[in-house]
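In the two complexes that follow, subunit A is the common piece, with subunit B as its partner first and subunit C second.
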Partner chain A sequence: MNPLVDPQLGERVINLMAAMVLVLQIGMVTQRWLMANVRIFAAQSFLLAAIAATIAYFNNAPHIYVAAALTLVLKGIVLPVLLTRLVAKVGIRQEIEPLVNVPVSILISAGLTLLGYLVAESFYHPAGLGIASTLGHNTLAVAISLFLIGFFMMMNRRKAITQVLALLSLENGLFLAAIALTYGMPLVVELGVFFDLLVGTMALGILVYRIRETFDSMDVSKLRKLRG
Partner chain B sequence: MILVAILAVPVLAAVTAFTARRRAAMEVINLIAAVATLVLGVMLAGQVLQWGTISTWDDLLYADALSALVMLLIGFVYVTCAIYAIGYFRDDEKNHVFEESEPGSVALTKLRKYYTLTPLFVFSMALVVLSNNLGIMWVALEGTTLATIFLVTFYGRTTSLEAAWKYAMIGGVGLSMALFGTILTYYSAHQILETETLAGLNWSVLVTRAAQFDKTTMRLAFILVLLGYGTKAGLAPMHTWKPDVYSEAPVPVAAMLAAALLNCALYGLVRFFILASRCLGPEFASQLMIIFGLLSMGIAVPFILAQRSFRRILAYSSIDHGGIMVLGLGFGGPLGALGMLLHMTFHSITKPLLFFCAGNVQQHLKTDQFSRTGGGLIHSMPVTGTVFMIAMLAVTGSPPFSMFQSEFTILRAAFDGRHVAAAILFVLFLVAIFSGFLVHIARMVLGPDPGYERGDLCPFKKYTLVGLSAVVVALGFWIPSPLFALVQKAAGLIGEVR
Partner chain C sequence: MIAVVLASLMQLLLVLAISPLISGAIKTLKARLQMRRGPDVFQPYRNLFKLLRKGMVIPNTASWIFTAAPFVVFSTAALVGLLIPLISADAPLSLFGGVLAIIYLLGLGRFFLALGGLDAGTPFGGLGSSREMTISSLAEPAMMLAIFTVALTAGSTNLTEVAHSAIGQSWRFFAPSQMLACAALFIVLIAETGRIPVDNPATHLELTMIHEAMILEYSGPYLALIEWGAAVKQLILMTLLVNTFFPFGLSTQWEPASVALGLGSYLTKMLLLSIVIVVVETTNAKMRLFRVPELLAVAFVLAALALISTFLF
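What follows is the complex of A and B.
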């Protein structure tokens, strides 16, 4: 049998790439340099595009190619470029100051990954009901872990721009979940989500810039005037 | 066709306002767009009452009684805010507010921002209620956040940046949960419908097959959507962005957020509530609704009682009313949904009035603190003072105003559904909030004259106040029968579950 059409091979390739996405996410938790974070996000998006393309190839689902191409262009290239420019513009390259230190962060991420697998387990129907039973199991667990770790990163970071990155990686988890569960959302919806993501990142970028200008800092824990 | 027209009007208004060169032109464009939206909303309501549902563009756009009701309220709030905004921003310009916050800024640039983003905001809200597809509904709700971020930072103060940042971040996280919930709903439908086209997320398709969906998935999906759209609606404990945003945004924007966007977020929640109830039986979703409803009302109580700012107190009132609506939905029965939608209608009509009064006082006295007003506002601002008292009584649901009726309906639904403990808490919270509002507002409005200069209201502000308060008072005694028929029909859509 031609290995290039063997769905088993496809599944293994996808699992491998999903695992790499997860490793990158934990890498982002540990990485203290802002630019490295942006690059990890770009690499993660490239892998997501590759996963989408692989699924499209092995399942003959051409509409996923569009989602893959969009991911590659938007999340792999456009958003990282925008973020790099933003980092240069606000002129900070120093370290991220997480609230919880790195070793504890890794432990928490590991715990969240475990939780992701437990949640994904509940979707696992041995009877073979639909796609999740064959393809989604591992990928879905990775997606949920990505989502949870993204949450944790948002809470753990004080700089405005790193919170934006955490939000984006959280969204990467959602994209992976959609791909794993249903081969992606309907294309029109996917386009809408991409549009929101692009406009949202630009809007947040402007906000980050203005916060930096006004407060002379990007530490969002200084935003504490409004209470009660 | 009418559905396309409703969406086209605000987009056209945004484009023309962006290219307009004069303030008057922008004001007129916005006003025309608002009136057109309301007229189209009334026509839509009429068609829906006649034919049940309408759809165009391969079922991409779809309207039933529930969408028509929320659309009608969006149109109404848009009109009142469009008229009030003219006076409000003219006063801002007269008081040199724009130069104060950002030296050298030109009023026209600021106004262009408002008159361009507001129609886009309305467009997003209209898309939320008119799109058949739950995925596109999500995209549109996220769109409302994007359209309003820079309206929140309108004044460019440090505090408005802080508010906008909280709004964007909390909203972003919340909506990502809602997207996850939408994906899971699509997945549970995917197994039954076996389609990868847009129809797989179309409300009109999903609702007929909801009973067959995978229960585990649907349960998780509903929780995620509740947290997500609950954040957008400002239900406790995801409400923390609300007081900041409502007090920092310009008054017409805050009024639209409180009176129109709240409904849109709840609309999204109701759609999933219906799916979840059909799939899992009514208990699961209803109980969650009762918990979140009581929590929202309960959290609002201490913050209203101890409130120091008359702008922030309105946000807590909005959290409280979101909770009341969700409670009505949770109590269920034939009366629960009816009470919820009546309350939504009355709230949307009454709430802008309270915002406008607070805005007038803030513009006149340059403060938003109760303590700095010194009481006796009725002497220096007779119209605003009187209307403020009327609006306060109306919004806290004291008879004879209309919100008393809707709250009473919800209370009856609670007893019908044998939720006695919840009903007692509901009444306690209502009374506490009423007394909090009464003390704060009465102390500000009544009392001896502290001797402020008389504040003559510019005609646009005065007519909005007087006109809207006439509507509010009239609504306490008489509700137009077509409007009531529409509410009943929409409640029927939710009530069908049982």
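What follows is the complex of A and C.
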């Protein structure tokens, strides 16, 4: 049998890449440098595009290629470049100061991953629908972990721009879940999500810039001073 | 019986002979990557011979522990060298013990090295010992979890059986748990061999040194034994990484062709891993000592996730 069409190989490759995405997410939690964070996000998006392309290839679902290409271009290239420019423009300090210290954050992320696996377990019915259910199993767990850790990172970080990054990685988790479970949403929905993300990041970029202008800081906790 | 003795002798010779070469290769490659000429690959051998011929200075305050430490370090490392599959899937002394024996023999060597550092009576020795123990106490759980992941998949903690079961499953590496465990073990390797994000192997004139601080008072043949033991330990950890996760080419029977293939693929794998280590060492800056626990926490979490995901799948 030609290994290049063997669905089992595809499943393994996808599982492997999903695990790497998870490793990158945990790496993002540990990384203190803002630019390194942006690069990890870019690498994560590249992997996500690769996962999408692999799913498209092994399941003969050409419309997923479009989603893969969009992920590659938008999340892998455009958004990181945009964020890099934003960082250069506002000239903030590179070091991220999380609220919870790093070792504890890592342990919390591990706990969240475990939670993700447990939640995904309840969706798993081996006798169910053939390969789709087994494929969804591991990647769904990774996806749930991704967005739980993404949420945690958003809470854990003070500066607006790092929260934007956390939001983007959270969205990566959603994308992974969608593509693993349903082999991709309708293209219209995908396009909508991507456009939303792009505009959202731009708007947040402007917001970040304004916060910086007004408060001389990017610490969002200072926004509370607006209250009377 | 004779076969076991012969195999042990051959593997012992191989381990002792190759280990300085690997250190030398890493040094040379690192120098080349940094646009320096650097020492040639055989420099560690010359250093060892030079040290073995020299006289020794032993501190007045030192007790028998100072003398015993180099021998314990060297012999535990050499013994562990016989417990791991190197070019053949069958480790010569595999009946003696499995993974736990390996971890704790290395632990015994480290314990005596730390004692030796303390025994010399200099502040630097104590400093190095305390750092070494701190780091190893954090690295050890990660290493154990990572290796248990492999052992669980293979159904045995005996590395010979692990290697045999791994040869059968060519796609095993694609399992996420294996990849996570491999990443964790790589971080442990970096920490245990004193490579750059954790310790700088190229200097012994830094306040942040760890390994070098412990052995600062050693000289002559004792220093040679310790350095050689450290090289063997590095070889063992690297072998553990390449042979349990990428068991390609491990020979399963004693035939010239299969042994030659085993040796060739083993050296290739070690060279590739050395290149990875060199790239990591060159592209990273040394971490502050208080940041090292973060790195090891990552290793621990990766290994724990690996173990969990083997249970869940």
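The rule is simple: the second predicted complex is superposed on the first by the 221 of 228 C-alpha atoms of A that agree within 3 Å, B and C clash if a C-alpha of one lies under 4 Å from a C-alpha of the other, contacts with A are read in each partner's own complex, and residues count from 1 in each chain.
Heads up, the rule we're going with is that a residue touches a chain if its C-beta (ideal position, glycine included) is under 8 Å from a C-beta of that chain, and two chains touch if they have at least 3 such contacts.
Keep in mind it's a predicted model, so treat the numbers as computed, not measured.
Colleague: For the overlay on subunit A, clash or fit between subunit B and subunit C?
Modeller: Fit.
Colleague: Touch test for A:L115: subunit B only (first), subunit C only (second), both, or neither?
Modeller: Neither subunit B nor subunit C is touched by A:L115.
Colleague: For A:V100 in the superposed arrangement: first (subunit B), second (subunit C), both or neither?
Modeller: In the superposition, A:V100 touches no partner, neither subunit B nor subunit C.
Colleague: Identify the partner contact of A:V13: answer first if only subunit B is touched, second if only subunit C is, both if each is, neither if none is.
Modeller: Touch partner of A:V13: subunit C, not subunit B.
Colleague: Just subunit B (first), just subunit C (second), both, or neither: which does A:A61 touch?
Modeller: In the superposed model, A:A61 contacts subunit B only, not subunit C.
Colleague: Check whether A:V73 is in contact with subunit B, with subunit C, with both or with neither, and answer first, second, both or neither.
Modeller: neither
Colleague: Per the contact definition in the header, classify A:A53: touching subunit B only (first), subunit C only (second), both, or neither.
Modeller: Once the two structures are laid over each other on A, A:A53 reaches no partner at all.
Colleague: So which one touches more of the residues on subunit A, subunit B or subunit C?
Modeller: Greater contact footprint in residues on subunit A: B.
Colleague: In the overlaid three-chain picture, find the nearest pair of C-alpha atoms across subunit B and subunit C and give that distance in Å.
Modeller: Once the two complexes are overlaid, subunit B and subunit C approach no closer than 20 Å between C-alpha atoms.
Colleague: State the interface residues of subunit C toward subunit A in the complex, per the touch definition above.
Modeller: 171, 173-177, 179-180, 183, 293-295, 297-298, 301-302, 304-305, 308-309, 312-313
Colleague: Name, in rising order, each residue of subunit A that touches subunit B in their complex.
Modeller: Residues of subunit A touching subunit B: 61, 63, 119, 122-123, 129-132, 147, 151, 154, 160, 163, 167, 170-171, 174, 177-178, 181-183, 185-189, 192-193, 195-196, 199-200, 203-204, 206-207, 210-211, 214-215, 220, 223-226, 228.
Colleague: Can you tell me which positions in subunit A touch subunit C when the two form their complex?
Modeller: 9, 12-13, 15-16, 18-20, 22-23, 26-27, 30, 102-103, 106-107, 109-110, 113-114, 117, 121, 137-138, 141
Colleague: So in the complex, the part of subunit B that touches subunit A is made up of which residues?
Modeller: Subunit B residues touching subunit A: 133, 135-136, 138-139, 142-143, 145-146, 149-150, 153, 158-159, 161-166, 168-169, 172-173, 176, 179-180, 183-184, 186-187, 190-191, 196-198, 200-201, 214, 216-217, 220, 243-244, 247-248, 303, 306-309, 312.
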